[in-house]
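One structure coming up, written as structure tokens, with questions to follow.
Chain IDs A, B, C and D follow the sequence of writing; residue 1 opens each chain.
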């Protein structure tokens, strides 16, 4: 069972990770975007850290919704509404929950991904964060079906996300700023897919630690 | 990085504070959430025109807030779209009850955030409409990209649509005019140098001493292609021809249905320019290129238009939609009809553009 | 060198040709000798205001030709004073019989050439007067230098004196007003980067990645001192204080005696600013610094003025007197009285500055 | 006797010299001015070369006056009216003359220098072209008094000009653009003094050649 405290720890871990990777994500964005993805994510997660104490004792749905609303009103750019929607939808799926089973967690992540796709209307292979999420959740589900627990499923998900992230490199972007580069977007890893991988990785590290 | 700034986190806020003290007669600035709005807003009975986008394009958009242009502008961080709460609060502040038109440059970030804002505003009972500006011919297709970017035509649209709002157009009429202006306008830009996003601290891309970028957007991103430096005449002719000979452009856009309270998609196709068209010509500096060089460009642009049977009936020359200190320029041609010319010539009094006032 | 130019020898001419095709309603351009003049010149009964100087400072001066400002401008090669034949022919073209006032920035080249032109014009029976603009506080003394350079106050003088000419001031009144505006105005400039004179092909000076030049002129020449980069607030405060606390400045200037037909010298002393003074504040980009950064400067300038008991009652913010693509800015404070404010607010319609028209 | 043809040859030689030294003079001006002195002089002398054929058969006064007027209307800057005045005044001193004695030549040069000083009001030691002319003409006069001929006197004048030019290096400019640099003008050779030296040198070379 993933507890409310682990969710809080996850977000705190995510703050560390995005801080460490601010430069890296920004550099990836400089290559095929406008050099701000790391800066945007860092700005957003810092605001989440300010807000977190006020909701840390609430249910998981509440925590995730607050996180989503905070990201929407602080990140800007394409990733703001997308990650914001991810957490808001995830929060709705976790409404009133104090802890999440491995299945619950999948539902939360799936609801979040559905939100990203509805807002951004990205197709698989468009070279976006969606290309990290699809293989990740497929792997999670598969591991679950094989009887694995949340940590095992997440381990599979992170591996899937990492592969999806790496597989964005040869892709030509068809969504977002990078799409304006046409063929020049080929050969670069998508920043948003990378931050999505980091997000899942932070969750795994959190659950493994406890 | 050498810029006239203080702490990097304060760059946008301090610039806006400077605008507020410089132009209290024209505008006010609200913080948390951040938006610039007309000193006399809301203007009774008038549809409010609201735009916004990342900072770093000054004078657009905040410099165009005032009589005859925008009612409010929502500045994001440098080159990063503003957030829905800014747009929503700005709309509430300037809505007179006649409704709010969001003019949105077509960048994924701007579009997604303004769509979210429109949903919030509509939920508050504000009549709202969003019109996309997507005029950058450097982007060829809309199927394999996020669609044409919103660039130079945005400035012309804010002037023309703003004047129409001042003249009493209702929300529907205003949306129709804005859609037409966007479909009549085409732009292309080029960069001589990159620019430095303050938070990044170094140039977004490196250009060789003899290289230029053709087909750039307005966020310091690399362009559609990199070529060796050419003469002003060669650059101008190449870009003018890509604009003038651009074929019809089709894409699907989303607009808001106020009755149903939902988005609907419509397919728009822009007609190419034709011999005999009258146009407004806009030669824009990307920020670091001085106006004198723009006149060399305008000189050639006028020749190319004549050769192609287009008559320039109005022009705008200077830094109006910029990318920080980037050196380079963009060209915009906007097909002009009587309605467009009438509102182009109408008075405007803003920090960034003054006409007959 | 990457610029939007064609052949180096054609740079100035082509830019002027561009202005001529862009603004036929405002101005005409004459070549050999080269001068820009009002489309409706000579204006019957009106004293003609003529200025000029090296090119590379655009929009000044050609961009200020039109109703309410200049009757003619004489552009030299880049950063090189124009020649007497240009000034003399321009004076003949715009003189309505009411006489011609030459507004001359105090640089040896400009002064010597305008003096020669004034002698030629007077010999032709044209009533002529020359008023020097020397407002750069970075130059401390007039004994051991060529005297203070003419910088930012020139733009304000062309607006104010131009409006007075439009209002019917005669040559003497106009000369008195121009002299007063110059004595009421003080400026200082700084450079973040050097600039490239097209004919030279490389930067006039090299600045380190962390160095700036303080007390520069407008010709890409090194400044009075080189210092490490500072924050916008520090730079603005330092420059504002040098301007505000500048003591009285005395120098001997030459003016023309139309009756005797000879030069005479007069000693002028500028009074320092005093608490309670109302001022027009002008924050100017050297060409490559975007307007957004100027607002950060204006923000601090407003605070410093308040601390020092000066009230900013009007302002001008943007690139108006530039040094090609140089990054940097200048600050000008002009003590404002009723006469000056009346003409500052009066209409002007030029390519570079529009007020109420 | 300096003939009309030698005067014409002098101007042609000066055109070559200023062309060769265009970069050099501009660099000197870049250090303490605005990087255009060589460009200005080159632009002016080119115009003189265009005009010269139309007056090459006229008297020396006429040739020099035309040269002066041409420089005034083409050079601009500080050096334009100064060198222009130099040749106009020199031309007046040589009015109607077909050839110049050593004394005539001194009168011509002295009249030219007086014109420069009247227009520019520079004092000795102000770090201007005047600092090349004063020692030059003093040396010329001295050599003449010692019974030297025009070539000998000019040789002395060129030596004087060169020394005066070099002695501008330690000076702090008090006139012209360089004066704005204050102490920073010290250590650099004055561009105008240099072009004045080149002008005299071209005259010497011409007379020595014939």
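Throughout what follows, a contact is a pair of C-beta atoms (placed from the backbone, for glycine too) under 8 Å apart; a residue touches a chain by one contact, two chains touch by 3 or more.
This is a predicted model, so every value here is computed, not measured.
Using the contact threshold fixed earlier, the set of chains in contact with both chain B and chain D is C. Look at the CA centroids: the one farthest from the centroid of chain C belongs to A.
Distance from the chain A centre to the chain C centre is 56 Å, each centre being the mean of its Cα atoms. Distance from the chain B centre to the chain C centre is 32 Å, each centre being the mean of its Cα atoms. Look at where the CA atoms of chain A average out and do the same for chain D: the two points lie 76 Å apart. Of all residues in chain C, none touches two or more other chains. Touching two or more other chains at once is no residue of chain A.
Pairwise, the chains that make contact are A-B, B-C, C-D.
Listing the residues of chain A that touch chain B in their complex gives 26, 30, 33-36, 39-40, 43, 72-82, 119-120, 172, 174-177, 179-182, 184. Looking at the complex, you find that chain B touches chain A at residues 33, 54, 76-85, 107-109, 112-113, 115-116, 138-139, 144-146, 149, 197, 199-200, 204-205, 217, 219-222, 224. Within the complex, the chain B residues that touch chain C are 2-7, 11, 14-19, 21-22, 55-56, 58-59, 63, 192-193, 209-210, 212, 229, 231-233, 235, 287-299, 302, 315, 317, 319, 322, 324-325, 327, 329, 351-352, 354-357.
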